[in-house]
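The same subunit A turns up in both complexes below, where it pairs with subunit B and then with subunit C.
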Partner chain A sequence: MHRRSFIQGIAAASFLTATPWARAFQSDQRMALSVEQLPSLTGELTLYLGRGEGGLYEKVLDAIRDRNPDLDLRVRRGATAALANTLVAEARAGVRRADLFWAVDSGAIGLVTANGLAKSLPPELTSQLKAGFQYPQWAPVTGRIRTLPYNPQRIAASAIPDSIMALADSQLSIGWAPAYASFQSFVTAMRLLNGEQQTADWLSAMKARSTSYAGELGVVMAVERGEVDLGLANHYYSLRLKAGKPQANIELAFTKNDAGCLVNASGIVCLSENSTAVNFIRYLLTQEVQSYLASEAYEIPLVNGVSMPAGLPGLSSMSPPKLDLTQLADLRPTLDMMRDVGVL
Partner chain B sequence: MKTIPLSYLPSALIAALAIGPIIVLAVLASESAQVFDPHNIRVMINTLTLMSLTALGATLIGVPLALFTAYVETPLRKTWLVLLTAPLAMPSYIGAFTLYAAFGPGGEIDNALGLSLPAVRGMPGAVMVMTLYTYPFVLLTTRSALRSLDASQVNAARTLGMSLPGCLFSVVLPRVTRGIAAGALLAALYALSDFGTPAIMQVDTFTRVIYVEYNAFGLSQAAMLSLQLLCIVALLVFIESRVTGTKEMPGRPLRLWPGRWQRAVMVSAFLPVLILAIMLPLSVFSLWLWREGSGNFELQYAFNSAYASLLAAAVAVLLAIPVAHAAIRSKSGRVMERITYLGFGVPGIVMGTALVYVGLQLPWLYQTLGLLVIAYVLRFLPLAVGAVRTASERLDPSLVSAARLLGARPAETFRRITLPLTVRGIVAGAALVFLEAMRELPATLMLGPTGFETLATYLWRVYEAGYFGHAAIPGLLLILMSVLILMLMLSGERRAEIELSDP
Partner chain C sequence: MQRIYKTSQRMVAGIAMGLAVASTSVYANGPIGEHVHQLQQHIPHYSEEVDMLIRQVDEVIATYADKGKQGVQSDVLIDYWEAVDFHAAIETSYVPVYALIWQGLFGVKDAIEKGKALQQVRQQQRLFETSLWQALGAVKLAAQYQQQGKLAQAGKENSPGTASQTITEINHRLDRVVAKAAEKLPQQAIDIVHSTYLNLFEGLEGQLIEQDASLVEGLEKDFNVTLPVALKEQADITIIRQIVTQMQTKLNQAQGLLNKAEKSTRDVF
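Our next item is the complex of A and B:
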């Protein structure tokens, strides 16, 4: 039933987008295409999908299937790292089963591209993405921003510093998830932006006031329950928690132009010379799919002309640091540092 | 002249197959891993604590329940047994997460009833959850040993004036130590290799270090750490093999007829276990279901789960019979049997990746249901072997000799003597493999056919995304299907028992 309404939504969306389209032609920036403008997909396609996302990605895939009855799309799900390792194992054995790999974080993409498995994407495809998210060998699909979820019952917004480095000198109690991949990417970003020494000092100063949780959903739930004042987490956990429980005691704060507001991305890699696979990526970058993922999964759209998820300010009012996301795959020194400081 | 028993060839083959993933791990670890990290010592102490306390807890709950389900005559006996083993089908991370969410200030119990209970977390929380989801190992292995004990010794002791509890403690339990040890070993290995529960309870264990490495794309390091974990596994497996048992003639098992109030006391004593292990997770999910609405669940997932798990149970039991047989016959057979245990102590995701490398050696099998079943069998073979071995090593070989002397062929002897006398062990082994396969996740994701969705993979999907309400229906189905299929298996056991008592 849900599926139906989304598919009808895809049809309706092409009418609703009339206004942004008019504006799109006035600027030279490339706007998101509509599914109406894309060629239909045919033949077999195997996708390795590195994330769970109960149902939402499923609906996107089902909608693409329904629009393209001649497409035989097969999906293998798994933890992102496990699928990346599987792809490497398959390549070593000379077996290729996947045409596409849709990964939850850019680190996995880094592993796959470093092993030479990714095929180059056509420039007119990558140029649909926002500046800073255009890569020759992979396409970011949606973004997530690092946030500081806080409990408004316990602290006021004004008590939160707007610099992540200054957070170490505050008196707030903090929840974090050092074993979680997104947190490690964030520390890697801090290493790249602020250097090894400052990052190590920051970690050890934070350690004294931090409680560790298994994942960032746990962090957000702990903030909401009032176990800690403030947490470090990807934005969508708070927005999803609020969607299920509107009166939840949780608000979002952002730092300015540092690793604390890093925008990381999920992304997709093409693994075979297959025009259907490339066109499949184009479907993920359409107005309809991007706005669906923004409104339902609270993820940040990365093509122009799609509005941000409810509850998040516009990407223009945020000031994420400029970083090549594939550099975040360099996790080894981050893990060593976190172990030495004793937070992992 | 001594001839090599028939069972050696298949068991040597199976042991070779079981060691395959371990060789893959060694190759991966040799690529670029750091051998020793002093940070891991602290973590190792946590791991050993969790492991020992879990084995202890599982024994303390599992043995009384085994006595209850083996000997006490009560209405719905089989139903109780099936319900009490059902926690084995529930992924322990689901249990850990719901207990975490239900207890403590601000938890769901506090919200719903205004009853502020202490939070479940840390080492005590992890031990509690692990115990709740591993005691059925002890229950099943001990029960099958208890059922094959002859009651006449107990009757003699009772006639001589020993009290019933005294009898159970000093006449019955010493004769089933092997069964208890087999179950406790499985519980310990499970605690050693599980990742989700300690992570949710915020206990820093060795598996967490392995997962962090794995997720940071340090596969080589994760493999090296898994090999280190294997040293503990090997030690445990060795210790368990030193536990000795007794050989005796099979006979009619003990039967106890409690009074109504005695029955009420027993049921109320073990009800908390069922409430915590099954009712609470399902109620918390139902609450979230009511709050958030259900997802796009398909019944096909339940069918896939049951189908693959049943196949795995059947194949595992078939392979377990020669391995258990060889283990009883000689020392080298014992070594082959012990080798099959190693894989059970390796964290699932690392084992899954090793199995991907093994599976890729057979490209025509790669990503088929056949390979998934092989993976389940390789992971869970020790469950079947342990249960079959404990049941059959109590079998007096003179019975087989007598049958042969009276002119029965080996096949007939097996069908009419060995099989009926070991069928309880076979059923217990099949049930264990079935339940573990129902909740298995990493190998299912990595090795199943593309697009093959089971209850466990669906639960994982919705859990990962934080849509907990969607977990209610598959969680309930996981329990329901397990209960139904266990009922079927146990009715097979009952038929075999009738055959045994009718001349």
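Our next item is the complex of A and C:
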């Protein structure tokens, strides 16, 4: 295994010194590359794509196709978790159909990497990513942060605790969406960071003051209507609501260094020894694609040198917890706990 | 005239969607059978089945007219319908008419079980027969499309990519909700509503909220409250259909907004 990685490293290094775009990596600054610096993509590539932000990921794929007419990109779409299970089932059956898996959820990536399906990525590729988002076997593409959207007509920012655990002791009315996948990943993060007992106690205490909604957009809209003081939700719903309705009664608060400000990520895994697949990943990490997803989908760019979505402070001013995001695949104990406590 | 045109347009679009999702979807009555992949060569068989069903239902009603409800096992009506291949052919080709068949069949069954006047039973019978003929027409149309290669192969499912395709798929699944409600399978119908919301609509909400927050709010309520509650309470099928039609109108409005927004999105490169 080590030898294989070493050989791959040598091959990658030879390729790097031979190509002009590679020289950009050799500087100390690991800034996002421009698409102009990348090689053309040629040949066949099969991508399994977990459902993401409506048609915006499709526009990225179309743009890559338009730019690379010699690339035959085949896409299979589906729910992220279902595609991850399909990849594992295909591997067990001795079949490999996909070269790449682009998942909206790092938990699904955890399932694929835990089953030994992911190929190591060249270090000069992963080092383009921000600190804390560099993984040897997958590349986070964009991030989303857990936030506390609140209604400034009902509460002041100073009334909001900066600890997610302390929220259970506040007198605030809260909206949450326990059936929503991002919420369950957040509870998984809390389990991993704070332990089973504290998480179960927190869920029980929160249950008494929380109203459940089907999805996190519902949470954000309930906060905006003033049904609840504050909600638990990913950042982008609030930003999008503000974009469509600038006078919306909603602001964002963040906790500090706990699961309440977890930055989760969509990401991509290379499943075959195929240089085109690796180079395809480089396209997703370019200045252009990262900037497009930040401005159009309000996702957090995870490479250096790309602006955050409008309305969100810089990642450096946030303090997300240190956590291997692939550990979020450990969902079963979370669901069991949520059922035991009666929030699911 | 305009209304007829729109209805047939909707049927054509619905048929084009139908077989694409057929074999991987959950069906109430077991495997759908290979015959749906060769509709054209089975049309004579389906026609015979339609004639046979009409005859069987008529015989049950004749017995009811003669002996009253004690003389009739009304459950056989469901058995007759579930036994024919035509059942899967229309279920996979055009769900809205499939729902009408169930509605008509249960109309006859309920009227018999409640001992209603023969005239009222016959009225339900006419609705059932009309929907069967309409269904046969839809299957013939689907067969033509299949011959011309205009239908996706059953079992070759790929999830929708663009927002517009996603809304088309949502509308199709809502038609299935009506069908399951008409089959008197409320839990299956509710499961389809929930999975459609979580797996399809939820992915569009972000883009849509920028365009029209109140439209999203209305659809959120429809998906999570209005429709599931009506299904759980087993509301009359006409009410379920009305809710779904209103949702589809809103979704079509959403489709227009998203298409417009997509055109104004900047280029990636």
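Definition applied: the second predicted complex is superposed on the first by the 315 of 344 C-alpha atoms of A that agree within 3 Å, B and C clash if a C-alpha of one lies under 4 Å from a C-alpha of the other, contacts with A are read in each partner's own complex, and residues count from 1 in each chain.
Note that in this section a contact is a pair of C-beta atoms (placed from the backbone, for glycine too) under 8 Å apart; a residue touches a chain by one contact, two chains touch by 3 or more.
Keep in mind it's a predicted model, so treat the numbers as computed, not measured.
**Student:** Looking at the superposed three-chain arrangement on subunit A, would you call subunit B and subunit C a clash or a fit?
**Tutor:** Overlaying the two complexes on subunit A (C-alpha atoms) leaves subunit C and subunit B clashing.
**Student:** For A:Y237 in the superposed arrangement: first (subunit B), second (subunit C), both or neither?
**Tutor:** A:Y237: touches subunit B and subunit C.
**Student:** I'd like to know which partner A:E288 touches here: subunit B for first, subunit C for second, both or neither.
**Tutor:** second
**Student:** With the two structures laid over each other on chain A, which partner does A:E58 touch: subunit B (first), subunit C (second), both, or neither?
**Tutor:** Once the two structures are laid over each other on A, A:E58 reaches both partners.
**Student:** Looking at A:L217 after the superposition, I want to know if it touches subunit B, subunit C, both of them or none. Which is it: first, second, both, neither?
**Tutor:** The answer is both, since A:L217 touches subunit B and subunit C.
**Student:** Touching A:R96 in the superposition: subunit B (first), subunit C (second), both, neither?
**Tutor:** A:R96: touches no partner chain.
**Student:** What is the contact status of A:L335 with respect to subunit B (first) and subunit C (second): first, second, both, or neither?
**Tutor:** A:L335: touches subunit B, not subunit C.
**Student:** I'd like to know which partner A:G107 touches here: subunit B for first, subunit C for second, both or neither.
**Tutor:** first
**Student:** Per the contact definition in the header, classify A:V35: touching subunit B only (first), subunit C only (second), both, or neither.
**Tutor:** In the superposed model, A:V35 contacts subunit C only, not subunit B.
**Student:** Comparing subunit B against subunit C, which has contacts with more of the residues in subunit A?
**Tutor:** Touching more residues of subunit A than the other partner does is B.
**Student:** After superposition on chain A, which segment of subunit B among 167-175, 221-229, 257-265 or 401-409 overlaps with subunit C?
**Tutor:** 167-175
**Student:** What residues on subunit A does subunit C touch that subunit B touches too?
**Tutor:** 51-56, 58-59, 75-79, 179, 213-215, 217-218, 221, 237, 240-241, 244-245
**Student:** So in the complex, the part of subunit A that touches subunit B is made up of which residues?
**Tutor:** Per the touch definition, subunit A meets subunit B at residues 2-3, 46, 51-56, 58-59, 74-79, 81-86, 88-90, 92-93, 95, 97, 107-108, 110-111, 179, 181, 184, 212-215, 217-218, 221, 225-226, 237, 240-241, 244-245, 329, 331-332, 334-335, 339, 344.
**Student:** For subunit A, which residues are in contact with subunit C within the complex?
**Tutor:** Answer in residue numbers: 35, 51-56, 58-60, 62-64, 66-67, 75-79, 179, 213-215, 217-218, 221, 236-237, 240-241, 243-245, 248, 288-289, 292, 295-298.
**Student:** Which residues, counting only subunit C, touch subunit A once they are in their complex?
**Tutor:** Contacts found on subunit C: 158-164, 166, 197-200, 202-207, 209-213, 216-217, 220, 223-224, 258, 262, 265-269.
**Student:** Hey, which residues of subunit B end up touching subunit A in the complex?
**Tutor:** Per the touch definition, subunit B meets subunit A at residues 37, 39, 101, 105-106, 199-200, 202, 208, 211-219, 291-292, 295-296, 349, 352-353, 356-357, 360-361, 363, 366-367, 442, 445-446, 450-451, 453, 457, 460-467, 469-470.
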